[in-house]
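Across the two complexes that follow, chain A remains constant while its partner is chain B and subsequently chain C.
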Partner chain A sequence: MKPFEDELHRALRRRDPPPGFASRVMARVEQQAAAKARFAWLWRLRTRLWSWGGEGSWKRSAALATAAAMLVLAVSVVAWRQHRLREEQRQGELARAQVMEALHVTSIKLHRVRTRVRNATKDGGQGSSEGRSSRAKPEAALDLASPILD
Partner chain B sequence: MKPRFENIARSFGVPALMALGLALPAWAQNPKLDLNQLEKLASKADEVVDVTLDGATLKFAERFMESDKDEDDAEALNIIRKLTGIYVKSFEFDKQDQYSDADVEAIRAQLKSSSWTRMVNVTSRREHDKELDEVYVMAGPNGKSNLGLAVLVAEPKELTVVNIVGPIDADHLAALSGEMGVPDFEHRHERRGGKHD
Partner chain C sequence: MKRARGKVWGRGVSDGSREGEVLERAAAGDSSAFEEIVREHQSMVFSLACYFLHDAARAEEIAQEAFLRLFQNLDRIESPAHLVQWLRKVTWRCAIDESRKNSHQPSVSLEDAPEPAVEQKGGDLLADRSVRAMVASLPPRPRMMVILRYQEELELAEIAKVMGIPVNTVKSSLNRALGVLRNKLTRVLGDVMA
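Right, the complex of A and B next:
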């Protein structure tokens, strides 16, 4: 038993702390106290909210429900706005495609009419460019027909 | 009792008749054609282009194209800016005689009113090549502006009616028909990889 007792005695013997240990400990304590003081308001708020109306009070439940509802409402508004923007973009693209399609068909047909008028005039065929022959027709109509007839 | 009835008739009847008198010329000057009777051809057609753009949709498209600032849209924007409607119905069939003369006449009957002026009429009466191309313009009340345009193209396997409502000028029409060196929509559509008939 003697060697074991000696070893135990050696392990438990008083040892002095390294130099500066006390000052380092005190500095750490002050640092933690300062950090706690910085967020003390948050801690106080949390404690106050938690203890508002006492444990299981309707006030606390109502406050929590209101906060949750407001959060859900805010998220819903943002999502709805995003959806509306996307929908507007989609409808705008569709309207533009329709405009371009309509102008495309109009262009093809007018081009074709113009070509046929030219061919008919060249051949002395059955085409009639009525705008030219009748001066009784409205001025605007004659102007408008000129790109096709000329 | 009778004088009272006469008073009522005078009070309401005269303004009603005046309103009717004012409304009738306005209705007669309406450049929008009724193309509904062509709807039935859609089931027989191989390919259908059916575009209905009323004033509100055109304004929406205009706002969208303006905000998008695509250079290719500039010319189209220029054309549609003053328009209040574009209506296109085009049917391509895989065989002949899929539409009747009555279908064509239903459209032509509307264009026979005094408000419309037929500017171009090209017909071909060859046996297997019956074709009809007509362009109509509706002139405004002063005769110096126009209110609309209609293009009717009938081919053996194709029937197309274009109805443009609103003031369209010669420059716009030239641009549409590929005149004056302005790149026309036909070629632009090809460049964008679209179809060509």
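Right, the complex of A and C next:
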């Protein structure tokens, strides 16, 4: 063997790791085993899925595709239901606001009508001659109609 | 000095059936059997990482990571020979990832790591350090090829298998790397090489 290769062999011979290396590895292994035990069910599921039908089999691919499709479908259904719920709430609030507005307008109109009726009754009671009251009637009628026609 | 070439468990000092039995016990969850595997292969894994990264502390991290991955994949290991091959492959992958991730200066130099318990002359130690520093200066792929060739004494096909590249690529890269090393070493250690 050439001196050059001898030199490489000698310089690159195996060397031992620092003392306690194996114990440190075992400590990490124990840690990992404990963590693995906590998530054993997930690990089993993963292993089962992974080993099902062998590497690269159509069964596993189909199962993964189906699982992905089901996940997408489930997420879509939940999202759609939430969207629909929000839309219904929005429409309900809109209808409620419209009803409230209509009631408000109606109450104003009724108030005006009542005021006019009261005024007209008062005017009719104070008039002495029949002719005067007959002249006042069309105006009162107009006054009564005006708030509704406004 | 000559070692078995990765066809058998570790350095070829133990008998095949016992190794298979230890592997089986470890795969069945026997932690003492796994510890035995770690002790058997720790110097191979640590040295691969250490010469590649030229940093003993990072090499220990990588070696621990390789054994942790082994623990996770024990059920996929078919035989003691497969185990050795698998460990070399994983160590290479971990080391190359580490060298890409951290390109900082070594925190603990290779020279501070414990030397093997073999008497050496001062001149030899100096020469070894120079050789290791030169190997560490090679680009990652040829560096690992040189380490696998001279530390593990692997054939070109075995190196190709570990690194997942064609044999011809290994042949050409290794020849080029050895040419560079030979020139450098001749310049630096001319009298030693003569």
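A few notes on this one:
Rule of thumb we're sticking to: the second predicted complex is superposed on the first by the 77 of 150 C-alpha atoms of A that agree within 3 Å, B and C clash if a C-alpha of one lies under 4 Å from a C-alpha of the other, contacts with A are read in each partner's own complex, and residues count from 1 in each chain.
Just so it is clear, a residue touches a chain if its C-beta (ideal position, glycine included) is under 8 Å from a C-beta of that chain, and two chains touch if they have at least 3 such contacts.
Remember, it's a predicted structure, so these values are computed and weren't measured experimentally.
In the superposition on chain A, contact of A:91 is made with chain B only, not with chain C. Of the two partner chains, chain C is the only one touched by A:3; chain B is not. By the touch criterion defined above, A:106 reaches chain B but does not reach chain C.
In the superposition on chain A, A:11 makes contact with chain C only, while chain B stays out of contact range. Of the two partner chains placed around the shared chain by superposition, chain C is the only one that A:28 touches, whereas chain B remains out of contact. Residue by residue along chain A, chain B and chain C are tallied for touches, and B comes out ahead. Residue contacts after overlaying the shared chain place A:117 against chain B, while chain C stays out of touching range. Partner chain A is touched in their complex by these residues of chain B: 49, 51, 53, 57-58, 60-61, 63-65, 68, 73, 76, 79-80, 86-88, 90, 117-125, 131, 133, 135, 137, 139-140, 143-146, 149, 151, 153, 160, 162, 164, 168-170, 173-174, 176-180, 184-186, 188-189, 194, 196-197.
Residues 91-93, 95-96, 98-114, 116-117, 120, 125-131, 137-149 of chain A touch chain B in their complex. Residue ranges on chain C touching chain A, taken from their complex, read 1, 31, 34-35, 38-39, 42-44, 46-47, 50-51, 56, 59-60, 63-64, 67-68, 71-72, 113-116, 124, 127-129, 131-132, 135, 146-147, 150-151, 153, 178, 181-182, 185, 189, 192-194. Residue ranges of chain A in contact with chain C, taken from their complex: 3-5, 7-19, 21-22, 24-26, 28-30, 32.
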